[in-house]
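Provided herewith is a single structure, encoded as structure tokens, for subsequent inquiry.
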Amino acid sequence: MDWTFWLEWVIKGFVLCLILLTGFAYLTLYERRALARMQVRVGPNRAGYQGLLQPIADAVKLIFKEELTPARVYKVVFVLAPVLTVVPSLVLAAVVPLGTSFNLFGRVITLYVADLNVGVLYLTSIASIAVYGITLAGWSSNNKYAMLGGIRASAQMISYELSLGLCFAIAIVMGNSMNLVDIVNAQSGMWFAVIQPVGALIFLIVTLAEVNRAPFDMPEAEQELTAGFHSEYSGMKFALFFMAEYQKMIVICMIAATLFFGGYREFWFLKDFAGGILSVDRFWFLGPIYLLLKVIVLLFFMIWIRATWPRIRYDRLMSFGWKVLLPLSLVVLFITAAGILLAQELNNQIYFYSIPVLSIISAMVAVALIYRDLRRKSNGRI
Amino acid sequence: MVPVDYYVILSAILFTLGALGVLIRRNPLIIFMSIELMLNAGNLAFVAFGRSYEVAGGQPFYTGQIFVFFVIAVAAAEVAVGLALIVEIFKTKKNINVDEMNSLKG
Amino acid sequence: MTQTDFYANFYSIIPLTVLVAWASILLLVDLFIPKGRKGITAFLAALGLAATLSFIIWQTLVGVERTGFNGMVTLDGFSLFVNALVIISGLLGIALAYGYLKRMKLERGEYYVLMLFSITGMMLMAQASDLIIVFLALELLSIPLYVLAAFARPNLQSEEAGVKYFLLGAFATGFIVYGTALIFGATGTTSLSGIFFAASHETPSLLLTIGAALLLVGFGFKVAAVPFHMWTPDVYQGSPTAVTAFMSSGAKIAGFAALLRVFATAFPALSADLTGVLWVLAALTMVVGNLTAISQTNIKRLLAYSSIAHAGYILMAFVPYGNKEVLPISIAAGLFYLVSYVVTNFGTWGVVIALEKAEGKGLEIADYAGLAKKCPALAAAMTVFMLSFIGFPPTLGMVGKFYLFRAVIAGGYPGLAIIGVVTSLVSAYYYLRIVVNMYMREGDPTIEREMWLDFTTMSTAIATVVLSFVPQWLFLLASTAVLRLF
Amino acid sequence: MTSELIVFLVLSLVAISSAFGMLFSRNAVYSALFLVLNFVTVAVFYLMLGAPFIAMSQITVYAGAIMVLFLFVIMLLGAESLVPLPQAMPWQRPLAFILAAILAVESVYLIFARSRLNTVITAPDAATNSMEGLRDMAMILFDQFLLPFEITSILLLVAMVGAIVLTNREKVGHK
Amino acid sequence: MEFLLQPLTLLTFFPLVGVLVLLFMKSEAKTAIRWVAMVTTLITFGISLWVLAQFKASNPDLQLEAKYPWINVAGWNIYYYLAVDGLSILLVLLTAFLTPISILSTWTAVEDRVKDFMIFFLLLEVGMMGVFLAQDLFMFYIFWEFTLVPMYFLIGLWGGPRRIYAAVKFFLYTMAGSILMLVAILFLGVKTGTFNVPDMLAALPGLYSSGMINPQTQMLLFVAFAAAFAIKVPMWPLHSWLPDAHVEAPTAGSVILAGVLLKMGTYGFLRFNIQLFPNATIEAAPWIALLATIGIIYGAAVSYAQSDVKKLVAYSSVSHLGFVMLGMFALNAEGVSGAILQMINHGLSTGALFLLIGMVYEQTHTREIKVYGGLWKVMPIFGTVMLISSLSSMGLPGLNGFVGEFTILLGAFGSKAIGSPWYAGISAIGVIMAAVYILYMFQKMFLGPAGEITKHHELKDLNWREILTVAPLLIFMFWIGLYPAPFFNLIAPAVEKLLSALPL
């Protein structure tokens, strides 16, 4: 372990943080503009060209805003909570591969901070830690609404974490590795989202709940809880929560892209296009670009959903997680594992194709069941 | 270059602190946390011993880690039941002090 | 794993597999059994136990002994014996619960399912020959019991019992885990035979001794040995009586079975250090259990202390565990005593349940006054049980104590035997108080009659008496069970 | 003093003081947070001991699930403030301290002075970070430790059933 | 079937047939129940006579053996082993003889829960027979302990006002002794590898001489056995349960208690202590003689101080059994045979006294001596019978008591084992004291001016049933008093054999 190793490590980490921070800033802009478009208005377009300086203006405003610390909060935790929220969202990205490697000064520089053999487990563990910030923020505010928001957040995140873990497991099974680089490389022939579309869908739904995005943003439901867990926060502390949420969105989309959409790799059918001119194996710098594109598309879906869907009632949210997503993801995991095993043992690729078919069938069954249930509850009004 | 003794001593201290917590604290939640600390001390010792055998034998040796894996699973199961119990009694009683659990007399 | 391996492994856990499968299916089937007819679940659960028992009997007749899953479980005479005992106590437990749950309005199908799972854990305890399995089996048997103890919620007493049992049980688990860790550290393995080899090759290291002592503490909690007994009276009193009956038998059998196997197969090398500890533990348990029982007025608490005391008697069988010659006898004696304890115990709890009223009254000893006039058969049965607990002829308890004390004396511990008999004398005092109340005081107890309850009480009473005259086959079973343990 | 030893010492200081913090906090939430800190440091120890899988499981299950549940329950019950009550058994506390002190000193002394554990744990090499190691472990888990694994699954099922039985209030008077 | 037809098996377990019959009878049919019990015990008595007919007096060994392996696994060597010899034959006969008499005495006395009473009584007989006949220590122990249970209920259910206290005290005292014996039995069983007494006797000398059981251990074992028996006898200072039990017990219970149960203790000394631990016996003989002597004087003195006539008789038992113990540990032919005979005598005379007291108690419901007086005039037959029994109890020549006590004193006087004639001398004072308290009692109750009760009650004299109850006892009192030789003949060979084994 020479010092250059450490240096490389520090630089990569720093760059990643930088990417995420600016990414966060422009994501807010992106979201506001996109939402505005959907709602047939313009959105922020004054600061700079097309509002490109708007995030900076917001940042300056928040930084200089007065910070109120209510009298009866639990001080230490109150201050700690935003930090605890932001850090996991940053750390989470450490294992996500942004591309292949390139040579610089005679060294092989890989485009990820840490190459963990238990990368996926690392993701789950950090994701599970992320609950603390919100929960503690809610509790330490010493405010009923905030507290309820915190409790809701923790309940929701724990509940959806199970399905999340199972989706990770689906990717692990298909990639035959817990290492994210391995998983990405395993998708060079075919994206996992194609083989296992249901798994990818569940993953996307679950991530929405994990980052408390609409329609699962119960912890901050304005109508019921004013602003939920961050009611009492203002100024920079509030900004940190804000920041964490958007960073998490970015990172989660990166992870989703990595696990199910080929990560930094090109479309599978482009691998041999024009002698592989579009392949990351040929040009390393294509990796980050592909990834960025995928993330932008996925983010757009998140924003789109926010613009389209109303908020789900809390009890429905929980029972959706436990009674629909969890069993469904279990079934899908089983189908995936069984298909792979059969294909391997019997050496017949036909079983491989049964995975998407059976998964889609089971997803449709799930939808049908939900439909029937809702119909019964609403006395046939749907 | 840490001798395995150090890990074992650390785990012994943590175990003792956990046991101490069970003995001196009266809140079932804290008692329960102390028990978790005890289990954790056991886990640490397991991994440390496992590692020492690994180093001594020169080849991977997973028994310790696997035991820890089971302990973690069991702890999760225990927590599920234990917290359910505590929540239940609190719902009935609105107070969870072990000393005040005296409807059973002897 | 090759095919033959698979069958060999599978053979060693057939009864377990049957029971687990049955319990899981029952969990589903129970959903379709309408509320108020959960008796069907009880019958199905009993059926499952019977099926398991028949497999055990079949395996006993086949007589093949083997270890499975890389030596993690052992199928031998000892485990078959203990498992049969556990299943019989499960059957008796269901018979007691059947009417009781109905009467107390606690009837839910999960009760029986949890019981089956707990029995699985107990069976596994007896078969375990690796500390991992011991640990997991212990949890598998305990967790359902925690729930069952609190089954009468929102009854506060029951909930308190559940919480206390849980906290102390988990505390004990902590000791077991840490003890296992130290043993693993000392020997590099968790398999009992591996520990035995590692320990016998060199002088036992201190680490091993501490580990074994911590295990002993953990097991001490589980079998309610003094000074780890504090939870017992509260838990026994607070739990629904049917649960207490099952808990006080099943958990004890399993705890002792595991303790026995662990100490006898893994730690003979430590006998010099641990025999004295066991001696003191057994003596303390007998003395404290019996002395504290004297002042009890609640029958459930009294029986709780009495069960502590009996744990002390059974512990005596472990004291000579380092002595190769005496060990088989004393283990067999311990097993025999367990049988007699279980039979008597269930009968006693049956009587307690018969007298317990729906609102949890009828549990004071004074409530037993006049039972002999009201229901002579029940009073006679109770008398038989009390005599059996004292160790008085013509009951199984007497034969059990005779066997046990003989083993202890043969092991060279007459002092312990004397403590044992003197505490039996003390116990006579409080057991007789119940008899006095039933026969010699006036009162008008209300008695619940219910077929399965009566069946349990009467069959155990008859067994207690009849078996005392023909204990040979039980002796034979017990002593052949331990033959190949060592 | 190698750097590893320094890291160890610092972390163990953190672990021990967080354990103390857990013990003596007046506030149950702080206790829980201290325990989380403790679990995280122990997870780092696991990494140092070449057990990344266990380290991650530790964080996921202990810190991420178990302790969150604890916090959840504490908050839900409003049980965070722990007013010191008059001791029911005044002798119990000092006795517990004395016993604990004896236990600690004894175990440390015995293990340190008389056991024959002189193996030095070296830092994990690259091998522990290889997929092969993880695969080997999985193979062992599903082959040699198949039975315990299955038992664990039953155990979790039982715990689930138990928790539901305990918390599921039967609807009374509902058709 | 051969097993069941053994005379001793039949003798021991025949009452169970009665129990079985009783179990299926309605508890309202009191007379029928009494008859069933009566017939059962009479048949049992008949069987005992059949046993006597087969018994060969000249043979000192165990006879009529019924021996089958019982629990023979894992080195247990427990036998179902019943046998009789000169040491026990008389006690067996006494048991079989007293039981029907006691049942007859309850004919009108017990009205409450008759069925239960009879069941317990018959069970008690099984236990007592078993104690005297069992030759395997395990079996012996079972029977020994088992006798406690029915007796406990007899006292506790049909006894006087403090019956619960008395019953529990009786139970715990007796059990306290026997548990130490249990340890000793187990120790012997472990050392000799058998529980069968003859086998044990064969094995023990080797163990003693080889030092496998050293003298201290032997002494400890002796003490452990002695504790059980001494409480049962009861020897001073372990007697305090006896007055309570006697006073509170129903009449039939007292009769059996005094007549048979106490003899189990002395029999135990004879059969087990002396045979199994010869050296310890010799060593302990002076001490036991001392205790016996104290018991004699103490019992007599306390008797005198009693105001309750039943208590008086109870304490006199302490005194009388002191004689038995003294004779037994004289360890010579006279002493031991006298002791055995005195056991029978005590059973007869004290039994008769308790019966008679019960009969008058049934009418008056008081046992205070001072409320009686002048009974003789009202109840002449009762008076006569009482007089004879009292005189028998105090040892008037011509009656049975004299023969026993005289022989004992003779033995004790010249005993090498006791080593000092003083014990015999002091004990002789006990005889005189007996005369004092018995005559004092008799005078207060039967002579003199009419007391309260006598005045105010319509007292009826004995009816035919009651006469029939005591008559057999009187016959034996005279028979033994006038012609004891047949009884001595039954005992003598066995006693000789017993003594010859002692290293005196």
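In this document, chain identifiers A, B, C, D and E correspond to the written order of the chains, with residue numbering beginning at 1 in each.
The definition used in the following text is that a residue touches a chain if its C-beta (ideal position, glycine included) is under 8 Å from a C-beta of that chain, and two chains touch if they have at least 3 such contacts.
Note that the structure is a prediction, hence the values are computed from the model and not measured.
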Chains contacting each of chain A and chain C, listed by label:
D
Using direct touches as single steps, what is the fewest number of steps from chain B over to chain E?
2
For chain C and chain E, the contact-path distance works out to 1
Averaging each chain's Cα atoms, the one nearest the global Cα mean turns out to be C
Chain of greatest Cα-centre distance to chain E
A
Using the touch rule stated at the top, which two chains are linked by the largest number of C-beta contacts?
B-D
Whole-Å gap between the CA centroids of chain B and chain D:
5
So how far apart, in whole Å, are chain A and chain D when each is placed at the average of its C-alpha atoms?
28
Take the average of all CA coordinates in chain A, do the same for chain B, and state the distance between these two points in whole angstrom.
33
Per the C-alpha means, the centres of chain D and chain E lie apart by a whole-Å value of 70
Among chain B residues, those touching two or more other chains are 8, 15, 18-19, 32, 43, 48, 50, 52-53, 66, 70, 74, 77-78, 81, 85-86, 88
Check each residue of chain A and list the ones that touch at least two other chains.
none
Quick one: which residues in chain D touch 2 or more of the other chains?
53, 57, 65, 69, 76, 107, 111, 115, 117, 133, 145, 148, 152, 155, 158-159, 162, 166
Those chain pairs that satisfy the touch definition:
A-D, B-C, B-D, C-D, C-E
Enumerate the contact residues on chain B facing chain C in the complex.
8, 11, 15, 18-19, 22, 28, 31-32, 35, 38-39, 41-43, 45-46, 48-50, 52-53, 63-64, 66-67, 70-71, 74, 77-78, 81-82, 85-86, 88-89, 91-93, 98, 101, 103-104, 106
If we count contacts the way the header does, which residues on chain A are in touch with chain D in the complex?
74, 77, 115-118, 121-122, 124-129, 131-132, 135-136, 138-139, 147, 150-151, 154-155, 158, 161, 177-179, 182
Within their complex, state which residues of chain D touch chain A.
27, 29-30, 33, 36, 52-53, 56-57, 59-60, 63-65, 68-69, 71-72, 75-76, 80, 129-131, 133-134
Residue set of chain C touching chain B in the complex reads 132, 135-136, 139, 143, 146-147, 150, 153-154, 156-157, 159-164, 166-167, 170-171, 173-175, 177-178, 180-182, 184-185, 188-190, 233-234, 237-238, 296, 301
Considering only the defined contacts, which chain D positions touch chain C in the complex?
107, 110-111, 114-117, 143-148, 151-152, 154-155, 157-159, 161-162, 165-166
